[in-house]
C-alpha cells in the first residue's frame, strides 16, 4: 500500500510537539515550567514553517479518507497561527490565574492537532475523532481555572451540551452512512448524486446542521456559547472562538459542499435562515451586555452568521469567502480577547464599565481593541469589510434579503462596539497607572492589528491564496 | 484723458474697491489716513467719471450705440456670463452723480464722524459702497448688476447697523436686508426667466431679443409676469409700497449714510434698473401700468405718512419714498428721461437736506424730534439756508431743480393720460396732490426746525467747514441742476431717452399748476407752523381727526402687519416644523433604535443560564427543522416522494 | 509624472499622524505644529495639482504610477488614484478645511495628541474618497472617517440639547446604516457587472461601460441614493446632522459639514449617476422633490433654533437641498452648480463652524439670546462670522452665489415651479442667518463678555484662508467653474449617450 | 426460519433495551438508574450479537457495562452522600421534553418507513477480530492514533481537575 | 427476505433509545443522570452503525469500527464528565444542574 507519510508532516510535528511539551513538563522542575509557553510557541512557529513549506505537497491518503489539499492546508495554517497568537498572548494570564503550564500548553497543542485533523478529514470517523479531540481538549481548557466556579460551570455546560451535540452529529453521520453505504465524503457525494436514500438523508442533514451548528454557535444552537465564553479562561475563550469555530466551518463546508452538495436545494434555505437568525440574535442580544467577554460571545455568534452566508451560496466564491473571513476573523478576535485577558490581569474585571480610560493607561491595547472590534463590524478599511464583501457578493443572486439583513445588522453591531470604545476613549481612568502587557502579548496585539489593517487595505495576496485553495476544494 | 477714461471706465468702481482693501488690511489703525485714502479714491473716480461724462455727452453717437466692452466671467455649455462696462448717457449720468455725491458725502463724513472709534471702518464701508454702486451703474449684464445690487444691499445693512451699540440699529439693519431680500427673490426669478428663455442676461443682447419674444416661444402673459417679477426687485430696493417699510427705519444709520445710500444713490438703483430694462417693460403695457400705479400710489401713500411724523430724518425718509414713487411713475408712463431727470435732481436736493439734517443732529447731539427744535437758522445759517434751498427744490418752486423734473413728470403723466390710458388721469391726480402734500410737509419741517422760537435747552452751533462745504456744493446743484432739462432747452431728453426723444411742448398751464401747488403747500405750512406760534390749530385738527392722525402717524400699521406675519405665521410655523422634526422625523429614527435595543434586551432573557433549557431549545429546533424540511418544503417533498 | 503626487498628498497627513504617535503626550504645541505641517503639505500639493491640471485636455490626470495598479485581482480592484475636474475641487476643499481645522483646534488643551491623530486620519480618509477612481477603494475610504469622528465627538464634543454621546452615536449609526444600503447596491452592481461582462472591474470607468438593465438600474440607484442621500442629509434622512454638529467639536463640525457631506454629493454624481444613468433618470424627479422639501423644511427648522450650531446644522441641510436639486436636473449647468455649491458650502460652513467654535471657546455658550454685541470685543471674529453668514445666504460677491444661481437656472428650467419653492428658501435663509449673525454680533456690548479676546496669531488662519477663498471664489468664479465643468461635462455626455441607447 | 428467530430475538431484545432504558431515565433513585443502565448496555450487546458484531458486543459489555458503569457508580457515591431515594429528581422540563422526544421519534420513524433499502446480500465474516485488526491499524490508523491522543488528553484533564480541586477543597 | 429484518427496525430501535436518552438528558436534575442519559444516546448511535454495517457494508467493517471509536470516546467523555462533576460538587456542594446558572443573559 502506498502511504505517503510526508503528507502528514504537519500532523506528526504537532503530535511530537504536544507530547514533548507534556513530557518536558513532567521532567523539568516546576520553577522552570513557565518557560514551556515559549517552548510551545516556538515549536508551533516551527510547525507553521513546516506547514507553509509543505503547502504544495498535496495529495489524498487512504482512498480519500484523509485529504491534504489546498483547502486543508489553508485551514491548518490558520489554526496554527491562531494557536501561536493565543499562546503568545496568554503567558501572563496563565501565570497568574491558571498555573499548570505544561498541561495547558500541551492541551492547546493537542486541540490544534484535533483541528488540523478535522481540516483534512475525508471520512466520518476521522472527522469525528478530530472533532472529539478538539472538543475534549476544550472541555479541559474551559474548566482549567478550577478555583473559579465560573470556569467549572462553563466546563460543565460545555461538556454536557457538547456531548449531546456530538450524539446528534453522530446520529446524523450514522444516518448518512445508512443512506449512502459509505463514510468517505467523496463517495457520499457520488451516492447522493445517484439518489441515495432520501428520507434518511433529510434527518441526517438536519442533525448534522444541528450538531455542527452547535460547534459554530449558530442560532438556535448557540446558547452554550455566551456562558462558556464568559466562564472560560480568557485565552481559552479566544481559542474557542477562533479555532473551534473555524475548524467546525472547515468540516461544515467539507460535509455540505463536498458530501451533500447535491442536496443544496434542501439545505440552502435552511442555512440561510440560520445565518439570518444568527446575525439578528447575536447582534441584538449583544447590545445590552455589560460583560465584555459575553458581549464578544454574542458578537461571535453574529460572526458565525456572516460566515454561514458563504455556505449558502455553495460556490467556489462562497468557499473562498468563508476562508477569507475565517482567516481575518482570527486576528480580530484574538486581538480583542488578548486585550481582555491582559486587562483582566491588572484590574481583575471583565466589566465594560471598568475599561474606562483604557486609552490613557494602555494606548496600544485600546487601539488594538478598537481596530479589532471595528474589523468585526466590517468598517473599512479594516479586514472585516473586505471579508464581508467577499461573503455577501456570493448571495446577491437569490438571497438579496440576506445581504440587506447582514449589512444592516453589521452596522447595528457598531452600536455595541462603540459603547466599548466610548468607555475606553472618553472617560478618564479611575487609576491612571499604565497597564503593562509584557512583550509577548504586545507582539500578539501588534500582529493582530497590523494584519487586520493590511488585510483590509491590501487583501489581494490573501484573496488569491484563498482562491487557489478554494479551487482545490472543488477539483477533487 | 477723455479717451483714457472711456477705455478704463472699469477703474471708476475699482478705485474705491481698492481703497476698501487698503483700509481694511493696512490703514485701519490710522483714521485720518483711512479717510484720506478713501476720499482720494472716490475723488479720482469722480474725475474719471467727469471725463467720461464729457466724452459721452459731447459725442452724440453714444446715444444710439453705447460703448460696451466685456470679458468672460465664467461659463459653461449653455450658460455663459460676461462682465463688462456699458456706457450710455444714462449710466454716464449716474456715474457722474454717484461719484460726486459720494465724494461730497465722504468729505462731509470727515467732520460728522470725527472721533468715532469705528472711523476707519466707516470709511471702508463707504468705499465698498461706492465701489458697488458704481459697479452697479456701469454693469453691462443683469447678473453682474444683481451682484452689485446685493453688495450695495450689504453695505446698506452694515451701515444701517453701524451703531452696533443700538439695538434699534441692529433691528433696522436686519429689516432692511430682509425686506430687500424679498424683492430680490422676485427679481431673481425674473432674471432666471430671462436667462432660460432668452439665453442671456446681457443688457444689449436682451434689448435685441426681448422685442422678438414671440420667436422664443413665450406669450405676452408670461413676458408680463417676467417684467413684474423683475419689478419686485426695485419695489424692495427703492422702497415702493408694500416693501417700503425698511427705508424709514434705515435712518438708524449715521446721517451721511442716510444721505448717500438711502436718499441719493442706492435707493434709486431700483429706478435705474427699471430704466435699464425698460425695453422689457415697454413690450408689456400691463407691467407698465403696474409700475406706474405702484409709483404713484407710493408717492401719495408716503406723503400722507410724512405729514405726521416727528423725527426729522424719518420725515425725510418718507419724502424719499414718495419721491421714488414719482420716479417710478415716470418710468411707468414710459418716460425714461423724466424718471432719470427726477432721479438726478432728487439726488442733489435730498442729499443736501439729509446732510443738513445731519448737521442739525450733530449740533443738537442727536435730538431728532422736530417739535423740540426751532429757530436754528440763526445759529446755523449755512445749514439753514441751504436747507431752505433744498426745501424750495423739493416743493417745486422754479427755478430750483426739483421744479423742472417734477414738472416733466406731471407733463408725461398727463400726456400718457391723453394718449388713451384712462388710468393716467388717476395717476395725474395722485401726482399733483402729492406735490401739494410734499410742499406742505417739507415746509412744516423747515418751519418747525429752523424758524420760530428758539428752544432754550438747545445749544446749537454751526458745523465745521468739512460739513458745510458739501452743503454749499449740493445747494448749488439743487439750484441749477435742473436747468439742463427745461422745456425750452431740453438737453436732458436729448441725451437720455428711451425710443424716440419726445419734445414735449412747454405747457405753461401745467407749470402754473405746479407752482401753485408748491406755493399753496408752503403757505399752508406757514400758516399752521409759523404764524400760529402755539400750533393750536394743528393740534385741534389732530384732535378732530384723531383716527386719521393715528393711522398716518402709525404708518398705516404696515409694520405691525409684517411683524404679526413674521411672529405668528413664520416663526410659529418654524416652531411647529421643528417640533415635527424632533418628534416625528427624528422620533421615528429614535423609535427604531429604541426598538432594536428593547428587542435585544428581551431576547437576552431567553438565555436563562440553565443548560438543560439550552438543550431543550436545541432539540426543539432540530424537530422543527426536520418537520419543515421533510413535510413543509415542496421541493423536499418531491425528493422524498421520488426517493428511488 | 513619475512622482505619485496624489498618493503623497494622501500620505502627508498619515505620516504626520504617525510622527505624532511618537511625540510625548505633554508636547501639545509640537503635536499641533506637526499636524499643521502635515495638512499644510497636503494643501500645498493639492494646490499644485489643482493649478497643474490641464483643463483643455480634461479627463483623469495626475494618474499615480501611470495607471491602475492591480490591487485585488479577483474583484477587479485596482489602485487607481487620479483626479478630474470633479475630484479636484473636492480635494482642494478637503485640504483647505483640514488645514484650517488644525488651527481651529489650536486652543484645545485636552488630550491634544490624540485629537491631532484622529484629525489627521480623518482628513486622509476624506481625501482618499475623492481621488480614488475605483469603487472599492472609494468605499474603503468612505467609512474610514466615521470612527475618528465618533471618538472625537465623545471626547471633545459638547452636550447641549442632546448629550455628546447620543449625538456621536446617532451620527455614526445613522450614516453607517445608510452606507449599508449603499453597500448592498454596490455589491449587487458589481455582481451584475461581472455577470454581464464576465470580467470583474471595479473602476468607475469600467462599471460605467456596462449596460445594466433598466429595472436593475432603478433598483440600485435607489439603494445608492439612500446611502449617499443620508450622508448628504437629504430629507428625511437629515436628522443626524443638526444634533451631530451640535455635539461635535469644532474641527469635526468643520470637516463634517465642510467636506464629509460632500462625499454624498460626489458619490451621487460619480458613482450613482455615472454608473447608473437610467436609474438616475428615473429617480431625478424624486430627488428634486426631496431636495426642495429639504431646502424649505430645514430653513424653517433653522428659524426655530436658538443654538448657533443648530442654526448652521439645519442650514447645511437646507443647502444640501440645493445640491440635490442641481444634481437632479441632470444637466451640465445644474450639476456644475451642484458641485460648485458643494465647494462653496464647504468653505462657508467650515468658516462658520470655526467661528462658532471660537465664540464658544470664549463665551462658553452658543445660545443666541445669551449673546450680543460681540463685535465690540472681537471685531475680527465678527468679520469672519459675518462673512460666513453672508455666504450662507448667498450674497453675491462671495463664493456661494454663483453656484446657487446656476443651480436655479437649470432646475428652474427642468422643474419649473417646483424650483421656485427652493429659490424662495433664500428668503428664509436670509431671515435666520441674519438673526443669528446680527443678534450675536451686534447690539450693545455686554459686560460679561469683556474678557473675550479677539482672534490672533494662529487663530487667524481659518478666517484668512477660508475667508480668502470665499472672496476669491466670489469674484473669480471661473477659477472654480472651469475646473468643475471640465469634470462634469464628460460625465453628462456619457449619461446622455447612455440615455439615448438605453432609454426610449 | 432464521428470519423469524432473529425477529423474535430482535423484539425481545428491543423490549429489554427500551424498557430498561425507560427505567434508567425515570427512576428516582440514581443508584437504581445505574443498575438498569447496565441491563440496557447488556441488551444492546445482545443486539450487536444479533447483528453479527461479536467484537463490538464484547467491547460494549466490557467497556460500557463494566468500566463505565462502575465509574459512574463511584461518581455517584462521591457526590451523593445523602439519601439516595430522591437523588435523581425531575425538573419542570419533562413536560416539554416528553412530547418533544415523542415527536422526534415519530418523525424519524415516519421518514424511516419511507426509506427503501438496497440491502447487501452478503454476510458479515465470522472472524470479526481477525478482520478488524488489520483494518483498524491500516486504513484507520489516523483515527486510531487520534483516539490514543484523545484518551491521553482526557486522562490528563481529568487528573488535573480532580487533583487540583481536591487541593483546593483542602485549602478551603 | 420479505419478513426479515431490515435496517428500518434497527433505526426505529435506535431512534427510540435516542429519544429516551434525550428525555433523560433534558428532564433530570442530577448531572450524573444526565451523563448517563447521554451515554444512552451514544449507544443508540452505535446500534445504527452496527446495523448498517450488517446490512449495507458487511465486509468492510466500517460501521463496527466506527462503533468501537464511539465507545472509546464516550468512555473518555464519561471520565472527564465525572471529573468535572466531582470538581464542581466540591466547589458548590451541588450536582443539581439548575443551580449552575451564575452566568446568564
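To keep things simple, chains are lettered A, B, C, D and E as they appear, and every chain counts its residues starting from 1.
FYI, contacts are C-beta pairs under 8 Å (C-beta built on N, C-alpha and C of every residue); 3 or more make two chains touch, one makes a residue touch a chain.
These figures come from a predicted structure and were not determined experimentally.
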### Query
Steps needed, at minimum, to get from chain A to chain C via touching chains?
1
### Shortest contact path, chain B to chain E, counted in steps
1
### Chain centroid nearest the full-protein CA centroid
C
### Query
Which chain maximises the distance between its CA centroid and that of chain E?
B
#### Entry: Maximum inter-chain contact count - chain pair
D-E
### Query
Among the chains, which has its CA centre at the largest distance from chain C's?
D
#### Entry: Between chain B and chain A, distance of the C-alpha-averaged centres to the nearest whole Å
75
### Task
Go ahead and note the Å separation of the Cα centroids belonging to chain C and chain E.
64
### Message
What's the distance between the Cα centroids of chain D and chain E, rounded to whole Å?
### Response
6
### Centre distance in Å when chain A and chain D are each reduced to the mean of their C-alpha atoms
31
### Summary
Multi-chain contacts in chain E, i.e. residues touching at least two other chains, fall at 7, 11, 18, 21-22, 25-27, 34-35, 51, 56-57, 65, 69, 73, 76-77, 80, 84-85, 87, 91, 97-98, 100, 102-104
### Task
Mind pulling the residue numbers of chain A that touch at least two other chains?
125, 128-129, 132, 136, 139-140, 143, 146, 155-157, 160, 164, 181, 197, 199-200, 202-203, 226-227, 412, 415
### Query
By residue number and range, which residues of chain C touch two or more other chains?
173
### Task
Sort out which chains touch which and give me every pair.
A-B, A-C, A-D, A-E, B-C, B-D, B-E, D-E
### Query
Can you list the residues on chain A that touch chain B in the complex?
156-157, 160-161, 164-165, 168, 195, 197-199, 202-203, 205-207, 209-210, 214, 220-221, 223-224, 226-227, 263, 265-266, 269-270, 281, 283-289, 412, 415
### Contacting residues of chain B [partner chain A, same complex]
596-597, 599-601, 603-604, 606-607, 609, 611, 613-615, 617-618, 620-622, 625-626, 628-630, 633, 635-636, 639-640, 642-644
### Message
If we count contacts the way the header does, which residues on chain B are in touch with chain C in the complex?
### Response
72-79, 143, 146-151, 154, 161, 164-167, 169-170, 173-174, 177-178, 181-182, 184-185, 188-189, 192-193, 195-196, 566, 570-571, 573-575, 577-578, 581, 585-586, 589, 593
### Query
In their shared complex, at which residues does chain E touch chain D?
1, 3-13, 15-24, 26-30, 32-33, 35-37, 39-40, 43, 46-47, 50-51, 53-61, 64-65, 67-69, 71-80, 82-87, 89-91, 95-98
### Query
Which residues of chain B touch chain D in their complex?
612-613, 616, 619-620, 622-623, 626-627, 630, 640, 643-644
